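A short worksheet on the structure shown next.
To keep things simple, chains are lettered A, B, C and D as they appear, and every chain counts its residues starting from 1.
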Amino acid sequence: MAASSQTEITPVRFGVVVFPGSNCDADSYHAVSTFAGAEPRYLWHKDTHLDGLDCVILPGGFSYGDYLRCGAIARFSPIMKAVRRFAEDGGLVIGICNGFQILLEAGMLPGAMLQNRGLKFICKLVNLRVESNRTPFTGAYETGQVIRLPVAHHEGNYYIGEAGMRELEENNQIIVRYCDEDGAITPKANPNGSLANIAGICNRERNVFGVMPHPERVCDEIIGGADGRGVFESIIGAVAGAGEQADPSSLRSSG
Amino acid sequence: MSATSQKPEYELLGLKSHEYDAICEKLGRKPNYVELAVFSLMWSEHCGYKHSRKLLRKLPTQGELILQGPGENAGIIDIGAGQAIAMKIESHNHPSAIEPFQGAATGIGGIVRDIFAMGARPIANLDPLHFGSLQKARQRFLLDGVVSGVASYGNCMGIPTVGGEIHVEDAYEGNCLVNVMCVGLVDQDKILRARAEGPGNLVLLIGSTTGRDGIGGASVLASAEFDETAEEKRPTVQVGDPFMEKKLLEACLEMRDDGLLVALQDLGAAGISSSASEMASRGGVGIDIDISRVPLREAGMEPFEIMISESQERMLAIVTPEMKDAALAVCEKWDLDATEVGQVTDSGHFRVFQGREMIADMPVAALVDDAPAYVVEAVRPAHLAAEPLPEDHYEAPADLNGVLTDLLRSPNICSKHWVYQQYDHMVQTNNALWPGADAAVLRIKGRQSGVALVTDGNGRRCFLDPRRGARAVVAEAARNLSCAGARPVAITNCLNFGNPEKGEIYYQFQEAVEGMAEACLALETPVTGGNVSFYNESFGQAIYPNPVIGMMGIIEDVRLIGTPHFRDEGDVIMLVGGARPAVDGSEYQKIIFGEVAGRIPDVDLERERRLQLLAREAILEGIAKSAHDVSDGGLACCLAESAIIGGKGAEVDISGVWPGGRPDILIFGEAPGLVVLTMEEKNLEYFGQLALDFPTRIIGRVGGRRMVIRMNGEDRVNIPLSGADRAWRTALETMMEGR
Amino acid sequence: MPESSGDGREPETGRHERNGVLTMKAKVFITPKKGILDPQGLTIERSLPALGFEGVSNVRVGKYIELELPDGEKAAAELDQMCHKLLANPIIEDFEFELVP
Amino acid sequence: MPESSGDGREPETGRHERNGVLTMKAKVFITPKKGILDPQGLTIERSLPALGFEGVSNVRVGKYIELELPDGEKAAAELDQMCHKLLANPIIEDFEFELVP
């Protein structure tokens, strides 16, 4: 990553992967473009280079129609090899909705997605509790903060075996959970039946984040909310902060 | 079997003998089987508009903002700044009655192709639906299947389903209505048309392989009534592949951006036959197709089967020979099959080849323009009443609180979140107003302005008076847009009727079209296109005549829009408009008295125009804190909805608003031409200046935890908001669970 | 029956007693009807070569349902009805079933 | 194998020649892993009594995939790979397959 000088601020560069069937790619692109310090660019699923990027977004949608299983085919795309390497080198990867499913299928995050408990696609605003702001994706929020993001999925019922669950908990990898308005984690607040109300997790290294709700859909009050901005602010802050080796408080000041 | 096999071929294909004679005359010889099959479809009701063409000419189609009226795959409306909206509505009633999931899914697929055939990117779907009583398991199965089908296809495509409606009436029990509307956004300099031009240009078939599915599907299904033999006639059901269509969409728009397309056309009813011949007709050229090049999904397909297959997810593109390779490259990038299947000629004929051999040769004009047009002698249905019901026709119920709860629970009134939460209504991140309001409002990225969209159909009113009903439906659609702060500018329409060969149905159709035309003229919302769905009957029983209107409005500033919910305690509730509610044709009449009878009040179109102007002004001036039109369930339900969504009660007194009159009818009755606005006290004077002499009346205030409607010193309705909320919010889900 | 298995499940015996009723196990195989488009199968087939599996064709994706139902003479007839009415969609799907003896 | 059938299909022979390559037919059965919630199965189970089918239990809904692949010694190994890597997700699903002789 290029070191930023005093005079010239390098924008944080986001790559938005386009799989056949992605349909939130343009939304993610648009959301990123509303941040002064960020610059989005599309990546084709056959690309094999991620040069110069700070963060890769695997967007929502229906890659390969979600046929067979969500994300099952997309994870074999040529770009996924590059994304894996990028993550291994410490690059930031966020998978939103279908992107999360792809990360699971690719084994870059643990667990799997089952059909929603109610067997129906569900699109609505939900409350989420930020379980940890110690990630490059949630640094701009407070731990324990309740935010409102929309979900839009048919397979968001997160599942992981007992051992895996223990590991997630021990390593503080559960990043957001479905909750009620007051932040209580209740079965009623769980829209899809996911284990322990899990809505988003990260890997052990905390640089790969999968989240079912859509932060990119609520980055503008005119379309019903801006609670999702924090995710992008966090990433921008983290990248800028890492470049400057600044103290963690800078996580909260950019955007 | 043996009896039918003695019938002549043309009759088996649904042609009348004089139609067959006309075909022979146009060709100057007897048609061969392929030609006959193609003619039978092109001259079917579905493609040929035999019983509607003449009447449709009465619709106003001109307007300053109309860039494309009827005649193309979709209408196009100027929204300024070099941009335009494409829109079209279509029915998929019959396929959905057989297989609700796939029927609805392929309905979405078809209408979406019409939009991107114009070069527009689809930005919204809407789905007006009509079913029989949800007390019946079959109807729940249909609704559930249709909603899943719309969701599955639309969600996968990444097109938000932002609106629509659900009506439940016994009249749709044997024949549900599944109409689907798609709206697209396009830069005016990128609009495509389906006009084949330039002899020597090539015809590319892009997308899915061609199979036997839906052979004669849409056209045959949409051109005949249902009866016991429907089972036998059941053609192979079409299965939708939204993933294929998503790739098709992206590839077509990429080819558009790269300037590779001379013309683009979807394959819909009658497949390659209609798309190729209609393209040729629009461009005044001929076209040659070699069916041996068409990629097939099944072995042993007959030539006529290839010609009329309704396999989904296919497009025809006309490209110049120079552009061919570039176009194929784009298709390959999107992993789509694309095959050169023919070329444009100057012959004026549609010729079909199988390799070197010519197997059909038909004048394009004969196929497309010369379909017979019929006028049926209209017969006024006996059930039409000349006068409204006398006020004392029904005994007033003692407990109006119970009436309100019953109405809030009616599937025609209750919350539809069970439906729209199954739709991805937020993708593309443009919703300035989410489902549940009077209209959907979408911002246009990069601009301050936006568009508002709505569909409206009310078969019950049209059944009681097709002309007044159609006028009312156009007015209601416009009123819904106005309540969102949008200026209505254009409509598309889907005319759902019974068998037009019957005089009474033809009467309904004629009256409805004329009524629609009157309202569109008065409200300055010209018709940009539409669809006609006849033969909506089962066992000889027709549905309610149902012109469904899809309307678009323009919003200058998406920050200034109207919303239905009450905002703050103490806000003044204002009733605007002078119409007097009636029991005739109302939800109140149907739910409480179990009847659909009488004569509905007519809409005063000039007053309607002023009413809507006033509502819009109040919103744009920032005075109106909420705006909601009075429709199903009357004033009481209008107020209750605003209260429930806003989480704030209301106290209202309607004494003296309408002189005389029975409280129950005034509270629950319906009439077009009423809107409820709320505003702060301090703005009353300014509002008065805007309203001038237009009838407006303060009827109460927002506040408290109850819904109270008083008249002549008595609480007629007084219920806790929480109860109303529960009734309204849980009704549909409860019904769908069969409880 | 299986040549290989993803897990090491024991050979099955279909019959069980459940709440005092003798039940048997059934397997239902549902496939898209011939001639009906199978988008899933198609998409899988098209992507297999890129994943290194060449030469695979005619992929059709259907459903496989296992269940237990009361044992008895009518079991087959009941199951047939069940498939017709609920498990399969006879308009676009074919089904077969097997009662595990 | 089937006791009854939704259509009257002929007995299958697995082997075909396709573009000069000998292919064989395979059937893959994918089931939700034991202990994993199967919302679809549960829903079917719950709705059966209302349709007049009593006493049905343990409904599990999985996938049934038919395909043709190149014949040969390696066919079984190839198919196993395909199942492991793509057709089934071992975290939540088990699979079995059958090569039609």
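Rule of thumb we're sticking to: a residue touches a chain if its C-beta (ideal position, glycine included) is under 8 Å from a C-beta of that chain, and two chains touch if they have at least 3 such contacts.
Not measured: the values here are computed from a predicted model.
**Q** Which contact partners do subunit B and subunit D have in common?
**A** Where subunit B and subunit D share a partner, that partner set is A, C.
**Q** What is the distance in Å between the mean C-alpha positions of subunit C and subunit D?
**A** Their C-alpha centroids are separated by 6 Å.
**Q** Compute the distance, rounded to whole Å, between the mean C-alpha positions of subunit A and subunit D.
**A** 34
**Q** Can you work out the whole-Å distance between the CA centroids of subunit A and subunit C?
**A** Chain centres of subunit A and subunit C, defined by C-alpha means, are spaced 36 Å apart.
**Q** Just give me the whole-number Å value for how far the CA centre of subunit B lies from that of subunit C.
**A** Those two chain centres are 39 Å apart.
**Q** Among all residues of subunit C, which ones touch two or more of the remaining chains?
**A** Where subunit C meets two or more other chains at a single residue, that happens at 39, 43-44, 51, 61.
**Q** Where in subunit B do residues touch at least two different other chains?
**A** In subunit B, residues 241-244, 335 touch at least two other chains, as defined above.
**Q** Scan subunit A for residues touching two or more other chains and write them down.
**A** Residue numbers touching two or more other chains: 64-65, 67-68, 73, 76.
**Q** Name the touching chain pairs, would you?
**A** Pairs of chains that touch one another: A-B, A-C, A-D, B-C, C-D.
**Q** What part of subunit B is in contact with subunit C in the complex they form?
**A** Checking each residue of subunit B against subunit C gives 98-99, 102, 208, 211-213, 234, 236-244, 297-298, 311-312, 335.
**Q** Taking the touch rule as given, give the residues of subunit D at its contact with subunit A in the complex, in rising order.
**A** 36-37, 39-40, 43, 86-87, 89, 91-92
**Q** Can you list the subunit D residues touching subunit C in their complex?
**A** These residues of subunit D touch subunit C: 1-7, 9, 18, 21, 23, 25, 29-31, 33, 41, 44-45, 47-48, 51, 53-70, 76, 78-88, 90, 93-99.
**Q** Subunit D touches which residues of subunit A in the complex?
**A** Residues 68-69, 72-73, 76, 105, 111-112, 114-119, 157, 159-161, 193.
**Q** Over in the complex, which subunit C residues touch subunit A? Could you list them?
**A** 39-40, 43-44, 47, 50-51, 61
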